[in-house]
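Worksheet: the structure to be examined is printed underneath.
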Amino acid sequence: MRHLIDFGDLSRAEWDSLYHRCSEIMDHPADFLDACKGRVMASLFYEPSTRTNFSFQTAMLRVGGTVFGFADPRSSSVAKGETLKDTVKMVSGYADVVVMRNPLEGAAKAASLYSNVPVINAGDGGHMHPTQTTADLTTITRLRGGVDGLSVGLCGDLKNGRTVHSLIKAMAKFQGVKFFLISPRELAVPEYMRAFMRENGMWFTEVTGLESVIPSLDVLYMTRIQRERFVDPLEYERNKGVYILTRRKLERARRDLLVMHPLPRVDEISIDVDDDPRAVYFEQARYGMFARMALLTDLANQPRMDPGAVEIGTVPVCRNPRCVTQAEHYLPPLVKQNGGLTCCAYCDAALE
Amino acid sequence: MRHLIDFGDLSRAEWDSLYHRCSEIMDHPADFLDACKGRVMASLFYEPSTRTNFSFQTAMLRVGGTVFGFADPRSSSVAKGETLKDTVKMVSGYADVVVMRNPLEGAAKAASLYSNVPVINAGDGGHMHPTQTTADLTTITRLRGGVDGLSVGLCGDLKNGRTVHSLIKAMAKFQGVKFFLISPRELAVPEYMRAFMRENGMWFTEVTGLESVIPSLDVLYMTRIQRERFVDPLEYERNKGVYILTRRKLERARRDLLVMHPLPRVDEISIDVDDDPRAVYFEQARYGMFARMALLTDLANQPRMDPGAVEIGTVPVCRNPRCVTQAEHYLPPLVKQNGGLTCCAYCDAALE
Amino acid sequence: MRHLIDFGDLSRAEWDSLYHRCSEIMDHPADFLDACKGRVMASLFYEPSTRTNFSFQTAMLRVGGTVFGFADPRSSSVAKGETLKDTVKMVSGYADVVVMRNPLEGAAKAASLYSNVPVINAGDGGHMHPTQTTADLTTITRLRGGVDGLSVGLCGDLKNGRTVHSLIKAMAKFQGVKFFLISPRELAVPEYMRAFMRENGMWFTEVTGLESVIPSLDVLYMTRIQRERFVDPLEYERNKGVYILTRRKLERARRDLLVMHPLPRVDEISIDVDDDPRAVYFEQARYGMFARMALLTDLANQPRMDPGAVEIGTVPVCRNPRCVTQAEHYLPPLVKQNGGLTCCAYCDAALE
């Protein structure tokens, strides 16, 4: 692995190896205090994301590295009058690893074409956020000994949730995972996710209520339902209580259930759940830091490498208006095959 | 000591021990270069305060630790849509010590209820700013050998000045301190501060002129008088010159006087005083950094600790509109006794 | 050298020594990982300049030092209600070296009067930016073995370009440099720069076309031409293509030409030039970081020193509206001789 753009790029063996290093770090943090000594991480956040930013920063600091960058492009002149390519060329001259958050889909992939050092995708619009998935899997593996064979409830907005889609895809690397997909019908998982689960022989069921399935779960992954997602506001009002986790609903859950949430929560988990030992969403954030430590000890220590000449594009081939190719016209027109479809290699949108 | 919320929580012995470590650091800084190696400080400034922020940051860096955080919540998404509790839970998963500045009174106390690591109050509204007091006492102790028995002039706005009130309270821990309280009548110390000094058997006198008492002083602590504090602007104009320290006024002062100021100054100390060896306000800022180094070598090295379950509140019992309980409704309704009064345990306001 | 305010203050021997250390760092970076251990750099950017800021930060981090400061005074309260002197006094109590970017000409010089630690000018308005010059000279020396005897083309806006003027002045320290000054007549070098080159016996020629001279060059230094600089917009349109470097124009250039640019570029270098091995503008940014590492290993390790008492000014003697003395009235009225002229010692403007 040279860059981490999409969790799907990792093989099961690469994940196992990453988790192995992560557990060494959790067990013996003092052994890693100088693991990235002399290494510098660029943290380029083209949109604010305090949690992810803090997690990456502290991860790098805890393995002995250092950090520079910007937390918001408004307070930076980088975003002005310069292409993403030129910024990456400059920054990858200063840094040993580049962490990038960008509102455009495919931005991290685009950056990786020009960077002399590894690029880590810290979120590219609604597209990918692979280190959230490493945080989630690390939490489950650490607290339950593994992912294989678990019954996982995913609750909330399953239609729009990037986190949830990534987690489902990632779990295809494991054996015998069962999914309980808990959402209002309006916000059920998209058809292509169902197709993905069928193709990968994954067991799943779709339900509209949380209470009935809670006793079956090893993991309950909560996400937020936003009022704006509903066509009919009354429908929102009728539904919202169903998807709020309360202490009472937890009564019938297993004693070793893990309640997870990518944070920030709003009110989808009642505050009185926090003191239940099954509520691990704050630990989950901390495990995310350890997972990033493992990732950085690998990527920040790779030798610098000239990315080589890159074809110069002229017109975007992708029609997705949020795709990075719409803004950076010099990008080469890369495509890839997803299943049987020809897709944009930056944002994964299907090409016509 | 696990948190530093209020300087008053420190016993005289704890202060002496803190100062002892501080003087070791000043005498042998090279011995402390790795004192916080591997430790990470979160610096959460919900309102800008560059001086305090810089002082804490450089303190942590100089003892080998590292720093992350935000300098202003506008450039952070933390403040949006998340409770203080959730932010503290997340951040205290990443950090070994949390430094917090917040415009709400009692915010640091509230944070300490949920944090897995020590919390240091870097100013909670107009309530407390304990490390300013440690800076002040360190300066005096270092330059005069101790605090006991000194004659201390406090000059300027003594009615509204948090710094001055904290210093008076802190000095109750020492023997034989005499206070010369120098202010316009409109801005004299509040009655409860007079009561405090009487109860603690502290000698004090109140005067309206600086010149007459300057020859008696060991320490002259200057503070700013803001025009807005005066009901009558003419009164401000008539008064302001009286409370400006000039080179001429210094002529009759002792040769070992210390002229102090919490900074920033506006015009209450004439610029021609700066080169007088008795002007120590810039050194005072530097001593504040050393005092924070001493504090951090202690607090950042404490083991993580689960704060345990916390009662969930519903309605604030305190009526102070600037109290953190007005904004964070889940906080438990804690009270304490101050003298004979029942007070809010967050902001110290008396409860009816 | 105690401060670096103006590259002109460096003797040839001092430059050679700085470059010597820089090349040791480039050859053996691991030997310098702790060169600034325990040292803290203040980075005071009163106007945003991401590239310069990132370069200084990473330079300090790569020699084992640490960094604090602000990237933009809007996100800092330092700029409010405090003189530059007081800020410098405070910050130089916390830091071992101060790096300052300021829109006022002469600001770094002013800061150096009050600082207990070395001050490095990271750009003071349109006046000086000495570390850009060290970046440029390091690039040329590293890639061509030296500067003496080279033919250097300077292309673009030679009238307003601070970078270009600094580079010409710096090259007066070397032997046998030939300048090809390539610009529209409206944007030719100012008369005082011609006078400077004649006085220093430097060979130069002025041309309006790039193509004819390109085969003669060892170094081609490109700069941006801004439309706003032209009185007649049509003149701009007629001219601009002439000063854009394309792959085709490069065909007749020497195989060991260096194409340089201070960055950011807009469109003055065509993107298809980037993959030509003669295009070294991204490496140039990286060499700038190494040059700053060399500078910081020297300056950040100097002992603290009281700058002593400074005369207090009252009225600025300089009439340059962008001079720091127009904003900070207490600055002493310093003058110096430039050639035969009496000039402001802060901004170098001639005094009447």
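Things worth noting here:
Per-chain residue numbering starts at 1, and chain names A, B and C are given in the order in which the chains are listed.
To be clear about the criterion, contacts are C-beta pairs under 8 Å (C-beta built on N, C-alpha and C of every residue); 3 or more make two chains touch, one makes a residue touch a chain.
Being a predicted model, the structure only gives us computed values, none of them experimental.
The touch graph of these protein chains is complete, with an edge between every pair of chains. Matching the C-alpha atoms of subunit B with those of subunit C calls for a turn of 120 degrees, to the nearest 5. As a whole-number value, the distance joining the C-alpha centres of subunit A and subunit C reads 41 Å. Touching of two or more other chains is recorded for residues 66, 75 of subunit B.
The residues of subunit A lying in touch with subunit B in their complex are 29-30, 33, 48-51, 54-55, 57-58, 61-62, 64, 66-67, 71-72, 74-75, 263-266, 271-272, 274-275, 282-283, 285-286, 289. Subunit B makes touch with subunit A in their complex at residues 37-38, 40, 42, 66, 68-70, 75-78, 81-82, 85-86, 89-91, 93-95, 309-310, 312, 330.
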